[in-house]
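Listed after this line are the structures, all set down as structure tokens.
Two complexes come next, and they have one chain in common, chain A, joined by chain B in the first and chain C in the second.
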Partner chain A sequence: MKKVLQITLGIITSVGGFLEIGSVTTAAQAGASFGYQLLWAVLLGTLCLIFLVEMSGRLAAVSKHTIVDATRERFGFPFYAVVMLGMVLVAFMVLVAELGGIGLSLQILTGLGFPWWAIPVSFLVWLLMWKGTFRLIENGASLLGLVTLSFVVAAVKLHPEWGSAAHGLLPTMPGDQKAKYGFVAVSILGASISPYLIYFYSSGAIEDKWDESYIPMNRMIAGFGMTFGGFLSMAVLVAAALALQPKGIDIDKFDQAALLMTTALPKWGFYLFAFSMLVACFGAALEISLAIAYFFAQGFGWNWGEDLEPSKDSRFSFVYTIIIFLAAVPLLFGVDPIKVTMISMALTAATLPLTIVPFLFLMNDPIYLGEHRNGWVSNSVVAIIILISFVLAAISIPLQIIGG
Partner chain B sequence: MRLKRLLAVLNQIRAKSLLVVPLLFSTACKPPTPTEQMASVISWLATAGMAGDAWLRHTTPDKYTRQTLELSHDTLLQISDDLLKSLPPGIDTASLDNVLTRSRSRIAQMARLVEAKNSPAFLSQLDSLRADQKIVKQFSDSIESKQ
Partner chain C sequence: MKLIRDVLDKKLIDLEQCDMGRVSGLVMYVGERSQPHISHILIGGSTLWMRVHPALARVSNRLAQLWGPKHKGAVRIPWTRVKSVGRDIKLDVEARETGALAWEIWIARHIIERIPGGGKEEVE
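Let's turn to the complex of A and B:
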């Protein structure tokens, strides 16, 4: 009975914590610009995420190592340092975007510009990290995040053509705007396959003291939680395709995305969107801050754990304190969080091989996983998707720059 | 001695990169085409229309509506300046300028009407904006056909 409850809670938190500014912005931009045409990218990203999340949980449960611990131990610190540098840079940009997302949500609700919210929001995130426990951070924000299910209600109420939507699950090339199409596809993949999430998940499994008996539960949470989460991203895309594309609205600014649900849910759509984004970005900001602190603490072999008192893991707490307040600086100067989001998502996709390839080696190492190591199906699926996202990134990022 | 030579090489590289980087940027950041600019114009006109619609149905706060209308106005002003300089031959620049200026002033007026909470006058401006939107769409189609 306890396990059933844990699985249910795990799935609910995966769903509630799935959306963040990256997944919403990229999916909404895809729907507004290309209709259903980029649904395949969400599907591909979700599929890859299911496999990666399941693997990271399995690694932690069997080897009692987080991915960082195992990478450092298996490949040595100099190699890990390179991985960490890439990861921290991208995760920092994502943190800026998430804090900005909270600020933008408050801006549309109150009329007070997002730069004004940078410091109060960062302080609140920091305070929750300082005082809160891992359970509170993981479950609290994610349970509130269930409000993002309103995107599904909005999409259904707009009466999508299911046949056309199903057609969008197969990749097709657009007639024009090929560079933008590639760039948005890459950004969707970057937003879906967030490496920080995979690292966070394995650290969470260690914080929750998982062992081999958790393997079936891990599989259920990864499978069902991420699948339902993927449906949320698809719902955002579908809602944008039906509410914004016919009007010719392309999403450049957050204010435009805020209109996403006003057609389907006239009375509450605007407020549901603002609240969904507020909660989703807040939850993601907490997770990313923790993930960055994990990169450092586990990489350098410091004490770490969100459940420990800050005095017991002072360097771990120091890292997230500094990172959170540094992330507020660009926002104070008015840097557009949506632009940061799009760039960071594309960069995430471009750096995926750096982070995922060593992970695949670990998942095939009998020293860490014994009989639980990867089979050919998991290896092939992840390798193919990483290759696709890297090729797309290598092609479309320069094209997008050239195309202005 | 070796250190000096290394520093000299590094200085050379730095001097070269100082020349190369701006050159790369100037060639890489190609300005958007008139078709793309027209798509942006249509997008921001539609944004103003949709925000206006939502405000009339009392589903969005005044502050958000006013800010979105002001943002649409400012963005349209910025795009229009660049667009009018780069139109392909055969397009009636004066008429396009005229309709864009008129649309912007309608949006600015709508933002003021939100503050005054004057729904009837707002609705009349919104209807006129929709008519302008149709004219802009025709211009967009003709620019696309000429490119």
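Let's turn to the complex of A and C:
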């Protein structure tokens, strides 16, 4: 009975924590510009994430090591330093985007510009990390995040044509705007396959003291949680396709994205959108800050644990304190969170080989996993999707930059 | 035992199960009459950055002179204090007495304890 409760809670938190500014903005932009045509990218990204999340939980349950521990031990410090540089830079940009997302939600609710919210919001995120426990952060933020289910309500109320939507699950070439199509597809893949989420999940498994008996539970949480989460992203895309594309609205401002909700739910849509984004970005900001601190602490072998008093793992607490307040600085100067989101999502996709390929090697290492090593199916699925993401990123990012 | 695979970069655990860093380097003793053997484990300091690039080691040394605890350079633990080499390396030492936690304690006392709610680093 206890395990059933744990599985349910795990699935609910995965769903509640799935959406954040990256997945909403990229899916909304895809829907607004290309209708249902890019649904395949959400499907592909979600499929890859299911496998990766399952693997990271399995690694932690069997070896009692997180991905970062194992990367440093198996590949050595020089390689770890390169991965650290790439991961921390990209995760920092994503954190700026999430804090900006909270600021933008508050801006459309109160009328006060997002730069004014940068410091109060960062302070609140930091305070929760400073005083809160891992469970509070993982479960509290994600349970509140269930409000993002309102995107499904919006999509259904707009009466999508299911046949055309199903057609979008298969890749097709667009008539024009090929570079933009590729760039948005890459951004969707980057938003779905977020390495920080995988680091966070494997650290969470260690914080929750998982052992091999958790392997079936881990499989269910990864499978169902991420699948339902993927449906949420698809709902955003579908709602945007129906509400924004006919009006020719392209998402480059946050309040334009709110239209995908207000068209379906005229009375409550606006507030529901702002509150959903506020909660979703807040949860993601907490997870990313923790993931960056975990990355340093585990890589260098420091004491770490969100449940410890800050002075008992001072270097860990110091890292997240610095990172959270540094991330507020670009927002203070008015850097556009939507632009940061799109760039950071594409960069995430471009750096996936650096973060995911070593992880695949670890998942095939008998020293860490023994009989629980990866099979050929999971190896092939992840390797192919990472290759597609990288090739798309290598082609479309330069084209997008040249095309402005 | 393979030194690079089984020892280098492994996590070090002290007598009280406290994490005390990772193996940054190893010191080998080569005598005229004895077989070469590992004499010390090194933790942290410029040894670690030297493995990436000597310039980074110089930067790390300079920064440590400007800032941080009195204990400079890598911490040396005699190989004789190694209890077991497995998933982690267990040592027969107390982390606080080796200097391996010098930065942890310095940051706790100079920064974290001064922020309300940070708690006290020292256990009574």
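Quick note on the criterion: the second predicted complex is superposed on the first by the 404 of 404 C-alpha atoms of A that agree within 3 Å, B and C clash if a C-alpha of one lies under 4 Å from a C-alpha of the other, contacts with A are read in each partner's own complex, and residues count from 1 in each chain.
As a convention for this text, a contact is a pair of C-beta atoms (placed from the backbone, for glycine too) under 8 Å apart; a residue touches a chain by one contact, two chains touch by 3 or more.
Everything numeric here is computed off the predicted structure, so don't read it as measured data.
Overlay on chain A: chain B and chain C fit together in the combined arrangement.
Of the two partner chains, neither chain B nor chain C is touched by A:Leu136.
Of the two partner chains, neither chain B nor chain C is touched by A:Val381.
In the superposition on chain A, A:Met217 makes contact with neither chain B nor chain C. When the shared chain is aligned, chain C comes close enough to touch A:Lys312, but chain B does not. In the superposition on chain A, contact of A:Asp252 is made with chain B only, not with chain C. Look at A:Ser63: by the touch rule set out above, it reaches chain C but stays clear of chain B. Within the superposed three-chain model, A:Lys267 lies in touch with chain B and out of touch with chain C [touch as defined at top]. When the two complexes are laid on top of each other via chain A, the two nearest Cα atoms from chain B and chain C are 14 angstrom apart. Applying the stated touch rule to the two superposed structures, the chain B and chain C interfaces on chain A have no residue in common.
Residues 63-65, 69, 72-73, 76-78, 80-81, 130-131, 300-304, 309-315, 317-318, 321 of chain A are the ones touching chain C in the complex. Put simply, chain A touches chain B in their complex at residues 107-111, 247-250, 252-253, 255-256, 258-259, 262, 266-267, 269-270, 401-404. Considering their complex, residues 28-32, 36, 39-40, 42-43, 46-47, 49-51, 54, 57, 59-61, 63-64, 66-68, 71, 75 of chain B touch chain A.
Across the complex, chain A is touched by residues 4, 8-12, 18-22, 24, 44, 48, 51-52, 87, 103-105, 107-108, 111-113, 115, 117-121 of chain C.
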